[in-house]
Every structure is written in structure tokens, then in C-alpha cells.
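So, here come the structures, one by one.
Two complexes are shown next, each including chain A; its partner changes from chain B in the first to chain C in the second.
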Partner chain A sequence: MKIAVLSGKGGTGKTLLSVNLAAAAESSTYIDCDVEEPNGLLFFKPQVLETEDIAVKVPSAKGRICIGCRICVDFCKFNALAHVNGRLKVFENICHSCGGCLLLCPEHILTEKDKVIGKVLRGIADNVAVHTGVLNIGEPSGIPIIKRMLSNSELVHTDPIFIDCPPGSACTVMESIKEADYCILVAEPTLFGVHNLNMVYELVKLFGKPHGAVLNKCLETVNPSEIFCEDKNISILGKLPFDRELATLNSNALIAARVSAKYRALFSSLLRIVKREAAL
Partner chain B sequence: MKIAIPVEDQCIPASVCASFGRAPYFLIYDTEDQESRFVGNQAASSQGGAGIKAAQAIVDSRIQALLTPRCGENAAEVIRAAGIKIYKTAGTSVTSNINDFNNGRLEELTEIHSGFHGRGGE
Partner chain C sequence: MKQLLILSGKGGTGKTTIAGAFIKLSAARAYADCDVDAPNLHLVMHHPSEPERSDYCGLPKAVIDAGLCIRCDLCRLHCRFDAIIAEADYRVDHYACEGCGVCQVLCPYGAVSLRPAVAGELRLYQNDALFSTAQLRMGNGASGKLVTEVKKQLNSAGVDTELAIIDGSPGIGCPVIASMSGVDMVLIVAEPSLSGISDLERIIKTAWAFRTKMMVCVNKYDQNLTRTEFIENYCENTNIPFAGRIPFDADAAEAINTGQTIVDVDCISGRAVKRVYEETMRLLFQGSD
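This part shows the complex of A and B:
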């Protein structure tokens, strides 16, 4: 079962929740899809067993004679091509690997070559198989890395798989939840938090994904995100307190569910609720 | 000699635009017959790679020098590949920059920034 954890902005508690739920399970897989700044591995400190480079295709006109028709230059919406002094220049860092230029070149002079954009690290941290996607700085899109991690046929599907999504609701998040069986929306107790919650709520509705919310940083006062969930009939799976002990453990890159009995109990109970809800 | 300057307005007196790739217009100026022509920058609204697209247009207009306050590395690569020299403007007045250029008082632009790539400039 694949459970995606997402939120409309960063710092809401996606990694806190997915790391702790994965740690609370008897055996699980944690996949860090926040490839622009993956930090799940700071908590798990896994023993990395395998590193796989991830490459995309970029066009190359090397050694070929370009007739200068510029069909490819005009076609590229990202302006990754220029034609100067009778030669085609390719800006690999801007190319989004759509392959359109190759299809359109009337002389078929363009070829494709591999360009490494990042890597996937696979390792083990006790009961958790930890997969981490790392996008190289300056690359336009981490989607190929996310695709590779989630299509991995070696994933053990009998155990829960927690997908720690990138923040927001853009294409990398869509790619991360595409194959998910259930989505957990993490929300902060502010009006801004409601706005962000609504973004991911609309996204999971659009994708027709069963979902529930976890309210993080909860205080004794009125929680606008809780009111939002009640209004929209979003099931509230659990609440995490705005608590110094949890914050301290988390900022020291410790997994609360592993080092604190109180939090082990909280996340174990939350995991049971998530599994029950997701199985419906 | 034909030169190009990124400008904010399409009439004289125009002020120099702080951005090359996303300037609304370019002034194409002929130093011999002193004729000015304004062209819209099709690259200004690009989602990405505006510098490259603007540079392609500059190269295609067969100018010999570009006068700009700054220039990103991708745009500079295209412009330099065409053998066009890039000079650094001083102040925002187009007229005084043209005068300075004619009198050999503008220096070549040496600091090429690494591009903002959707993050906006300061």
C-alpha cells in the first residue's frame, strides 16, 4: 500500500510525519520524493547499499551539418536552442527533454544523448527501506527521478510504502501521488495553513485519491484547519501537538517514534488509523 | 555600425532597461546614419530561456555591438558566438550611452551573471 504525505507548503511536517509513521511500522519503505532538498535521510541515516544515476535525454547536433531552418529553435518553449553562425547551440540545463526538436528536424541531424540529472540512493535503516531521490543543483525538473523511484519493481508492496512528497501542488507532487493508494494532507493551525491545505485538498480531489488530514503544531486555541476539515468532510486522522519535546527531537534529526515512548505510542496509534482508513 | 540597447520605452528619450532578456524593447541604432529603430522583444514573456531567445533575435538583426547594463551567461554565449561585442552601459540615458560608445568611453561588459532562471533579479 502506497501512502503519500503532502502539504501545500514546506515546513508543515511532511517529513516529520512520513519518517515517524515509517519508523513506527513493523517493516516499511520510505521514499523521499522531495528531490530538490531531500532530508528524510538525515533522520534515518541509512546504510546506503546502492546508488543509481538518473539520466534524461538531451538533443545533440554534434558533428552534424545543420541547414539552419530553425524549426527546432522556434518550437522549443523553453528556448533551449539557438542557431548562431550556422551552428546549433543546445543549452542542456534548460532543456526539458520533451524530444520535440528531434521529431521536427526535417534533416534528422539531431541525436539524443544521456545527461545525468541526479541519483537515487537506496539503503536500509533498521525496519525501514529508505529510498532517496537527489536532483543535481540547477536541473529544471526532478520528475524523472521521482518516476524511477516509484516505478521500482523491487518495492515490497506487502508493507506500507510512505511517499514523502515535495511541497506544493505542482507537477512533482502530481507525479509523487499518481500511484498512491491514499493521501495524507498535513496542515498547520493558521489561516495561511488553510490556504495551503486547500491547494493539496483540491489536488487529491482532482486525482480522485482517498485522503485524510493530520493537523500539526496544534495548540489549545481554535484551529482554522480543523474547521476547514469539518466543513469539507475531510477525515482528521490525528493531531500532533505544538510541543517543545517533539520539536527538539526533530531538530536534532532524531526520530521521535524511535527515541520517545510517548511519541512511539502516538505515531503507532496514528499508523493504525491511517492503515484502517486507507484500507477502506 | 549597428548597435542594440535594451530599453524600457519605444521612443526617444528612452531609458536603458536593467534586464537584457526581459527588456520590453530593443533600440537598434545605426551609428553611421544615426537612425533609431525600436523592436519589441518577443522573448520578454517567455516562461524560461528569455536571454537565449532575446540573444537569438539580436544576433539575427545583424548588429555589431550590444550595450547593456548586464547580461546572463546563456545570452552572452549566444551573442559572443556571433562575434558581437558586449559593452556595459553607464547610467540609464540612451542618448548619453550612445555618445559614450561613439567616443570609445564604454567598457566591455566582463561580469556575466549566471542567470536568474525564474527567480527574478534584484
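This part shows the complex of A and C:
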């Protein structure tokens, strides 16, 4: 069972929730898909068992003579190729690795080489198998890292699997929820929160994913996100109070469900609800 | 025109809250929201008239004409994005297609064409101030290109003003890199937590990689004083100017929820952000007189 945790807005508590739900389970897998700013590792501090470099293919004309026909330059929709001073120049950072230039080169001078864009770390932290993707600084897209983590068929994941998604609603989020069986939308009680909740709600509907919401940082005052959920008939799985103690534990990257009986009970009960809803 | 971009690495540290306050404090006549897949600045920046809207087309997407397709499978075999689906008729998965054109150029029967696809909407408000923003359409990927369009829209309007404020997106990937190009300075809004510090280091390294001038402020600093001090020391040791601290303030959420910025009401975070603003402006305009 793959459960994705997403929010649209950043800082609503995706990592807090996915880390604590994974820790509250008897055994589980936690996959951090926020490869631009991965934080799950800071909480779990796993014993890292394996590091895998993730590479994409980029074209290279190194050591070969380019006749300057520019067929590949004209073909490349991403403007990743240029022919300057009698040489073919490859802008590796904007290449999408489609392989079109190799297919079209009439002289067959192009080859592909691996370009490492980041890595995947795999490890164990007590009852949780922890997988984290890390994108290298300056690289534009972490999609290949997310793909590798979620579709690695050599690995048998321990159920349930929690997928900690990046913020936003664009390509990296779509990739992260693609294989999910259930989505948890985390929302905070602000106008910004509800506006971005609406966006991920539209996204999970578009992909036909069963979903429910967790309301975080709840105060006594009116909660626009709660009103939104009631309005749209989104099942509210639970509410986490605005709570200085939890915020402090979290800011020190401590797993509340592990260090405090009170929060262990809270997240265990939330986990039961999530499992029940997701099994429907 | 000096352009100030507000970034954070980590999401939810207060970019938009601070951008909104800066726009009010400076009475900026030009500003933009580059967080195209979760834009929020328009919720606190009120304009009397509706924006001018225009469709944004990303890269075109492949479409297969079933009448011409002979199911040779060449397109599917060569598609690196697994975007060709072989069903009764061959079809293209729109979400997976990146518009590279390999299928089109390979098809021996001309059954594949690339067609423009609307991937979002650009919005331009032109009243006393110019406000450029956009919304990426659900299920689309090319957010970096849309960010570039938002900035083009901001620059092309030719507003004669000293300062433009740009609200950025979280992360360090393509939309962030696109938003950094050409700006005069980045203000990074940090959060005093271990996660926040890890994310701060990554956005700082990204700004360095693109040789962008930057400064740092800490929001909700009182939620963890030890971590706040760590960030201040980190900045000092790496020679990054520190713009100040803003306290956690329940009144801030209340202001936002009524569609106001934190300097529209009298609150402690609003008073603190004024000092951060003055410090930021001092550095941004330093030596430019």
C-alpha cells in the first residue's frame, strides 16, 4: 500500500506527518521524494546501507568530427545543442535525454554518456526502511531520481509505504503520486493554505486518486481549510493542534512519535484511520 | 530597475508574507509571483480591475492520428518518456509527453504531429502598480519556462520604477533557477529548524553556483533560538549579510486570512519586517547612487 503525502503549499507538515506515521507503524517504508530539499533523513538518521548514483544520458561528440549539418541542432526542442566555431556544443543542463540527436545524426558521431544528477540513499532506522533522493546543486530536475526510487523493482518494500512529496503541484509532485494507492492532503488553516489545498485536490481528482485530508496547526479560530474540506466532501482523517511542544521537537528533527508517548498515541490512532480509509 | 527576489529553499517559511510586506512598505510599482505551481501573492495584493489573461503554451505535445498509424511500434520503442501507449489505437500520454518530437520524426507514415498545448495562464494586472503572475495548469510540467514568461511580462511592460519585488518558489530546481536569472539580489527567508538549516545551505549553494548576490533573514526566529543563532553564525562565517529576525506572530496568520499583509495591521511581525526591509534596501541600493 503506497500512501503519498502532499500539500501544494510548503511547510504545512508533509514531512512531519509522513515521518511520524512511518515511525508509528510496526514496520514501514519511508520514501523522501522532495529531492530538492530532502529532510526525512535528518529525522530518521538511518544507518545508510547503500548509495546509488543517479545519472541521465546526455549526448557527446567528443573526439569525433562534426560536419556541421546542424540537423540535430534544428531538431532539439530544448535548444540543448549549438554548433559554434566548427564544434558541436551540448548544454547538458537543459538536455531532456530524449535521444533524438543520436537517431538523426547522419554521420553517427554522437554517443551518450552518463551524467550524474544526484543520488539515492537507502538505509534502516529501527522499524523503518528509509529511502532518500538528493538532487545535486544546480541541476534543474529531480524527476529521474524520483522515478528510480518509486519504480525500483529489485527492491521489496515493507508495507505500508509513505511517500513524502515535494511542495507545489507540478511535474515532481505528479511523478511522486503516480503510483500511489492513496493520497493524504496536508493543509494549514490559512488563506494561502486553503488556496494550495484546492490545487492538490484538483490534482488528485485529475489522477483519480482516493484521498483524505489532515488539518495541521489547528487553532481555536475558524479554519478555512476545514470549511473547504466540508464543502468538497473531503474526508478529514485527523487534526493536529498548533502546538509549541510538537513544533519544537520537529524543529530539532526529533520524531515526536518516538520520543513522546502522547504523540505516539496521536500518530498511531491517525495511522489506523489512514489505513482503514486507504483500504476502502 | 533593481530586482529583489525572495526565496527560501524550504517551503512555508514566509516568502509570500514577506514579499507582500515589502511591496507595501516600498509602495513597489512592479512586482511578480514566480511560484507558478502554487501562487498566493494575489491573495494579499488587491487590484481594482481584473488582470489581462493570456494562454501560456509550453512545448507542444505529440498526437497520433489513428487513421494513419499502422502500429509499427517505432514511436513507442524510441520514446524515452514512456509516453506512447499501445492500446487498440496507439495514443500519447499527455502528462508523460515532453514534446521532444522523436516520435514525429521517426514515424514512417506521418501519423504523429506536435500540437500546441495550453499549459497555464499568464496574468498581468496593470493599475497603479504592475503585477505579473501566472498559474500553471494542473498536470503540466514546464514550470521553469512559465517562470521566465512571468519575468518577461514584468520587464516588458516598461514601468519606470527603481524597484521590483519577485516572490519565488520553494526548492532549488528549475523554477528557482529560472527565477534567479537577471535579478540583482536574493533575500532568503530561513526557518530556525534542522530541516530549515539543511534547506538553507542548499539554496545558498544554488545561489552561489549562479553567482547571485544574497542576504538572509530568519522568520519565526523565537521558535528555536539555538537554531536562529546557528543561522546567524553560519551567515557571518560565509560572509552572507544578515537582514534580521522576525518573530512568530499569531496575528500574522490572522492578517493573511483577511487578505491583508502584516504591515497593514499593527503587529510584532509587521514591526520586525520593517527593519528587515530597511536593511535589505540598504544593501540592494548600496553603491548605486
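Here, the second predicted complex is superposed on the first by the 274 of 280 C-alpha atoms of A that agree within 3 Å, B and C clash if a C-alpha of one lies under 4 Å from a C-alpha of the other, contacts with A are read in each partner's own complex, and residues count from 1 in each chain.
Assume a contact is a pair of C-beta atoms (placed from the backbone, for glycine too) under 8 Å apart; a residue touches a chain by one contact, two chains touch by 3 or more.
Not measured: the values here are computed from a predicted model.
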(request) Determine, under the contact definition given at the top, whether A:G142 touches first (chain B), second (chain C), both, or neither. (result) second
(message) Per the contact definition in the header, classify A:L203: touching chain B only (first), chain C only (second), both, or neither.
(response) second
(message) One more residue to check, A:K77. First (chain B), second (chain C), both or neither?
(response) both
(request) Check whether chain B or chain C contacts more residues of chain A in the superposed model. (result) C
(request) Identify the partner contact of A:S97: answer first if only chain B is touched, second if only chain C is, both if each is, neither if none is. (result) second
(message) Is A:L219 touching anything from chain B or chain C once the two structures are fitted on A? First, second, both or neither.
(response) second
(message) Per the contact definition in the header, classify A:G238: touching chain B only (first), chain C only (second), both, or neither.
(response) neither
(message) Under the stated touch criterion, which partner chain does A:N85 make contact with: chain B (first), chain C (second), both, or neither?
(response) first
(message) Between chain B and chain C, whom does A:G8 touch in the aligned arrangement: first, second, both, or neither?
(response) second
(request) State which residues of chain A lie in both footprints, the one left by chain B and the one left by chain C. (result) 77-78, 140
(message) Under the definition above, what is the set of chain A residues touching chain C in their complex?
(response) 8-12, 15, 34, 36-37, 39, 42, 75, 77-78, 96-100, 103-104, 135, 137-142, 166-174, 188-192, 195-196, 199, 202-203, 206-207, 219, 221, 224, 244, 247-248, 250-253
(message) For a test of understanding, state which residues of chain B touch chain A in their complex under the given definition.
(response) 43, 46-50, 52-53, 55-56, 59, 74, 77-78, 81-83
(message) For a test of understanding, state which residues of chain C touch chain A in their complex under the given definition.
(response) 8-13, 16, 35-38, 40, 43, 59, 78, 80-81, 95, 98-102, 105-106, 136, 138-144, 169-177, 191-196, 198-199, 202, 205-206, 209-210, 223-224, 227, 250, 253-254, 256-257, 259
(request) Using the touch rule from the top, collect the residues of chain A that touch chain B in their complex. (result) 73, 76-85, 87, 89, 91, 94, 140
